[in-house]
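Structure incoming, see below.
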Amino acid sequence: MSTPYSSSSGEKGSSLGRDAWLRLKKNRLALASLGFIVLVIVACFLVPLLPGIPDPNATHPDLQFLGAGSSARSMEGRDVFYLFGSDQLGRDIFSRVLYGGRVSLTVGFLATFVSLTIGVVYGAFSGYVGGRTDVVMMRVVDILYALPFIVIVIILSTYVSAMEDWKPVKFLNELFGSSLWLLFVCIGAVEWLTMSRIVRGQVLSLKRQEFIDAARSLGLSQTRILFRHLIPNTLGPVIVYTTLTVPAVMRLEAILSFLGLGVQPPDASWGSLIKEGADLMASDPGLLVYPAIIFGATLFSLNFLGDGLRDALDPKSSKD
Amino acid sequence: MPRPLQDQTLPGWFSNPVRLAVGLVLALHLSSCREETRVERATREKILLLGNGAEPKALDPHLVSSVGDSNILRALFEGLVTYHPENDSLNEPGVAERWESNADFSEWRFYLRDDARWSNGDPVTAQDFVYSYQRILHPEMGSPYASMLYFLKNAEAFNRGDLKDFAEVGVKAEGERVLVCTLVGPAPFFPDVVKHTSWLPVHRGTIEKFGKMTDPYTPWQKPGNHVSNGAFMLTDWRINAHVKVRKNPHYWDAANVKPNGIDFLPLESPFTEEKAFRNGLIHLSYSMPESLIGEYKALPDSPLHIETYAGSYFYRCNVTKKPTDNADFRRALAYAIDREVIVKYVTLGGQTPATAFTPPSEGGYQPPKVISFDPAKAREYLRKAGYASGAEVPEFTILINTLESHRNIAMAIQDMWKKNLGIEKVKIENQEWKVFQQTTQDLNYDVSRAGWIGDYVDPNTFLGIWVTGDSNNYTGWSNPDYDRLMRESSHLSDPAARYAKLAEAETVLMDGMPILPLYWYTRVYLLHPDVRNWHPLLLDNHPYKHIDLIPSGEGGSL
Amino acid sequence: MDSLRYLLSRLAQSVFALFCIITLTFFLARLAPGGPFLDEKKIPEHLVEQMKRNYGFDKPLPLQYVRYLGLLLQGDLGPSFGNKGFTVNEVIAEGFPVSFVLGICGLAIALAIGIPVGVMAAARRNTALDYSLMALAMLGICLPTFVIAPLLGEIFALKLGWFDVALWENSSAWILGAVTLGLYYSAYIARLTRGSMLDVLNQDFIRTARAKGVPPLTILFKHAFRGGVSPVVAFLGPALAGLISGSFVVESVFGLPGLGQHFIKAVTNRDYWLINGTVTVLATLILTMNFLVDILQAWLDPRTRANR
């Protein structure tokens, strides 16, 4: 998540970027969060490659609902160790959480990236140009806003299943191992709306302020003003909103799983694991607790990192 | 944790300021709901609260086909013969007070009672039945269950549109009180058949007040318009919320109808339904989450009921499509499934692993023991099918309709095929019920999950659907030997000889293996002890008029 | 006079937006693969043809569209294919009040919790209070509604017996539904409020006021609050839309007969007129909300108004 900001702040010149990094380094909570996120990403993407990590979809129905840390011998004579316990089909929850993390993180980050890019460019342009263009662009956003999101995704998914033999669709399906890519394209394509509104609002307020007038009177080009001065100054709210977008996206993915449109069984995402666990929370809390804790901790970290970045990037906050 | 015992101790309001605050806000609300649960009040008012699965499709006997819908229709309508409250093989007089057949069971005469009335007071006549059978069989009606009436002579030809004159179909009214049914062949079990919802009568005047005879889904089936002849009449229908029926004052046996009414509640999620039961909101659940069965079993005086149910859970194979077009491949799939593991650890409801398609009935038909779990045999069949290993099998998909338990079974089977046959590329696809049905009917699947519940107590209700051209086949499978054996069985009136012939047919079916039988159903549900006169039934078709509601304990505990 | 013209032009824009949405949904739904004539058993071909004729599906699509618009103007949303025998008007008339009550109560709860929490956290920036409130808010966002809803049901309905766990008629389960939705959005609103309050508090006019010795509470509520809640107001439109259309999970967990359930089923059943009908109703609601929000925002932050 940090990539878009650091790159755009990098554009502003090294001194501000370095200042920001120095300030971020002082914020231990943010650093710890960054560390945790890196840890989770490494765990989800690299740990399953280690030998000894069980297949997340291998069932041992006779070993269902075992507690955390139990080892058992299945009726096929295989020894199994369950770090986080087993689910209703005797599958390893630890392994499922790791593999589920791959899906959730990919969806979360890619969809947020899509929405961020579209939203910031669109909103900043609309707000900066203003006038009739702004009105038209914002009406387009209004129209899209009033379209209930779920319907678009469901209708689009019916189109996609009909187009399965179409080459680009086939290629993307194979690239991601499923039609999962559709999820973040759809989510990303919808989530940018709020982002663009927020950025536009900020730009509208900012462009009347003195420093923009100053930049203009210095004869700076429009693009330069937009990308060097306006967009970087909207970063505060954008970062805050982005930290809200990642969990929102992950949650949307889970709702789609709830509707049977997310990951297809036997594969899992954190959202679908939590959903399954929530049904069984009274009888087998382990199924809910482990994915929920890791999911929650990841989102917490993203949030604290976002806050840390916000403080670090907001030059005014250093004067406090 | 299931907590069927309601916590009767009042919360300690004053122990905690937050609680106090919340408590004050809710005091009024609490004082009203603490005294009596919904179920307790309903018991007092003799209203049965039933969880009923999905929202009903229609309240017209000629349009429905699901179990939940037929539950409602059984309350609203009464057929010639009705269900016995304790044994589905017994027949209770309904609109007909008696019936008789000729020597070879191919012609039946039903004598209608004088006092049978519609809920608007009109008498129920033999003509009403003739009209109803014409309606359900009419090709323009497109009724899903029309084939149930193919027992009647010429009914099939009329339904297919080959015969235009209904007078030639084997049903006649002799005066207002006698209905004569002429059948295609001997059917000693015919009174069992006419208990089914598809044989229920509709009120001609009401149907035609809102449209032509064959217009489906007209406003006749709305509250206020709906006219029925059963123990109850429709008083309210709100989509996704409830269907309410109340005692029909014109019903001939109204004096002996025990409940004052029934509320059918569409609670689609088994988890929600189980909670509603625990919360005292329903008397009877439609389903039960598998994962909670163990804990309910452990309870003393458990409300959990597990009973034999005449149904078969199986996978259809599309025999018109690779790779399932190969019988050896289908056999490989069938023998690689460990059904013991599925019923013991996945479905958990005391189901029986299937050895064939038709469930056995006590003292009646016994299906052949064909299928078992045999990985070595499965691998042999896989080789015979032309695959040196499972890795060579092209990708195929198990199609299921969206429900937790179907998904768990599919995932377990997917893994069994992987373990026992080495097949890696099996996908699972969820679809919503109607879309799922459409995909299955269009033969647009590879392997598709299915369940079949008997319409009457006879193996014919199971084996009949695999005959070439039957509207429920949906596999593309057709076998002349099978069709011949089934035809021959329909001309036998001696039960033992008939069962032997049917078993022979079923062996042919299992050899062709267009389906992979998995297990024979049980009914697993929660029942409140206030509900009396509720007996286990093989087909689960309870005649509601006999059910009584009596408070079961003090303080309203479950 | 100026503001009246502004109002009217905004209104015209909203109506135009509604028209665009209706058009888009009409074609998106009608062109989707599959058809509405699904049933448990196969419907004979001649009957499908007959139904297509009855519903005018045999006519060219643009003609159907014009016909649909014509009926829509008369307030007729057409028949529902998924709930046969019912019109879309009937289905929506039954489902909408449920969703509306859930949505409005959820929104009220969200605002009642979210704004004070956000302001409090901003005022006590970087203190333990701020951190714990924000951690709590994040928890609210992290936990999906399908965890919170059954959890609330498990505790407040099944364990404590304060509420019913399901059903709509004579049932208190909807309160738990509204609380579930409200908690989720209150977390959003709290974070949004805190962020924008901090932005405002960092601005020069607040510094000036502070330097002049204006009491902190006066600064907070008199000077900063109006600008601070402005993004929250902007968020209200989408929040209500999300509350109402996103109440599907809550409706399903608590067995409530709202629009959300109809909506999802309509799409899976290709219940064209019900898809269009629900989208039209929801879009009208959302556009109305956005319209009100724009006006409110212009009042709260005169700088945005000047730009129009």
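To keep things simple, chains are lettered A, B and C as they appear, and every chain counts its residues starting from 1.
Heads up, the rule we're going with is that contacts are C-beta pairs under 8 Å (C-beta built on N, C-alpha and C of every residue); 3 or more make two chains touch, one makes a residue touch a chain.
Note that the structure is predicted; figures quoted are calculated from it, not measured.
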Ask   = Does A-B or A-C have the larger number of C-beta pairs in contact?
value = A-C
Inquiry  = Let me check something: if the centre of a chain is the mean of its CA atoms, which chain is farthest from chain B?
reply    = A
Inquiry  = Could you work out how far the Cα centre of chain B sits from that of chain C, in whole Å?
reply    = 38
For chain A paired with chain B, centre-to-centre distance based on mean C-alpha positions, whole Å = 44
Request  = Using mean C-alpha positions as chain centres, tell me how far chain A is from chain C in Å, no decimals.
outcome  = 22
Query = Residues of chain B that touch two or more other chains: which are they?
reply = 271, 432
Remark   = Shared-interface residues of chain A (touching two or more other chains) are 279, 282
Query = Taking each residue of chain C in turn, which ones touch at least two of the other chains?
reply = 34, 150, 154, 252, 268
Request  = Quick one: which bits of chain B touch chain C in the complex? Just the residue numbers, please.
outcome  = 3, 6-7, 11, 26, 29-30, 33-34, 38, 55, 57-58, 63, 65-66, 139-140, 142, 144-145, 216-219, 221-222, 238-242, 265, 267-269, 271-273, 275-276, 278-279, 281, 432-435, 437-438, 441, 471-472
Message = Please output the residues of chain B touching chain A within their complex, sorted ascending.
response = 1-2, 271, 289-292, 295, 341-342, 344-346, 402, 404, 407-408, 410-412, 414-416, 419, 427-432
Query = Can you name the residues of chain C that touch chain A in the complex?
reply = 13-14, 16-18, 20-21, 24-25, 28-29, 32-34, 134-135, 138-139, 141-147, 150-151, 154, 188, 191-192, 195-196, 199, 202, 230-231, 234-235, 237-238, 241, 245-246, 248-249, 252, 263-264, 267-268, 275, 278-279, 282-283, 286-287, 290, 301, 303-304, 307-308
Chain A residues within the chain C interface of the complex = 130, 134-135, 139, 142-143, 145-152, 154-155, 158-159, 161-162, 193-194, 197-198, 201, 204-205, 208, 236-237, 240, 244, 247-248, 251, 254-255, 258-259, 271, 274-275, 278-279, 281-282, 288, 292, 295-296, 299-300, 303, 307, 310, 314, 316-317, 320
Query = Which of the residues in chain A end up touching chain B in this complex?
reply = 57-59, 61-62, 64-65, 76, 88-90, 260, 264-266, 276, 279-280, 282-284
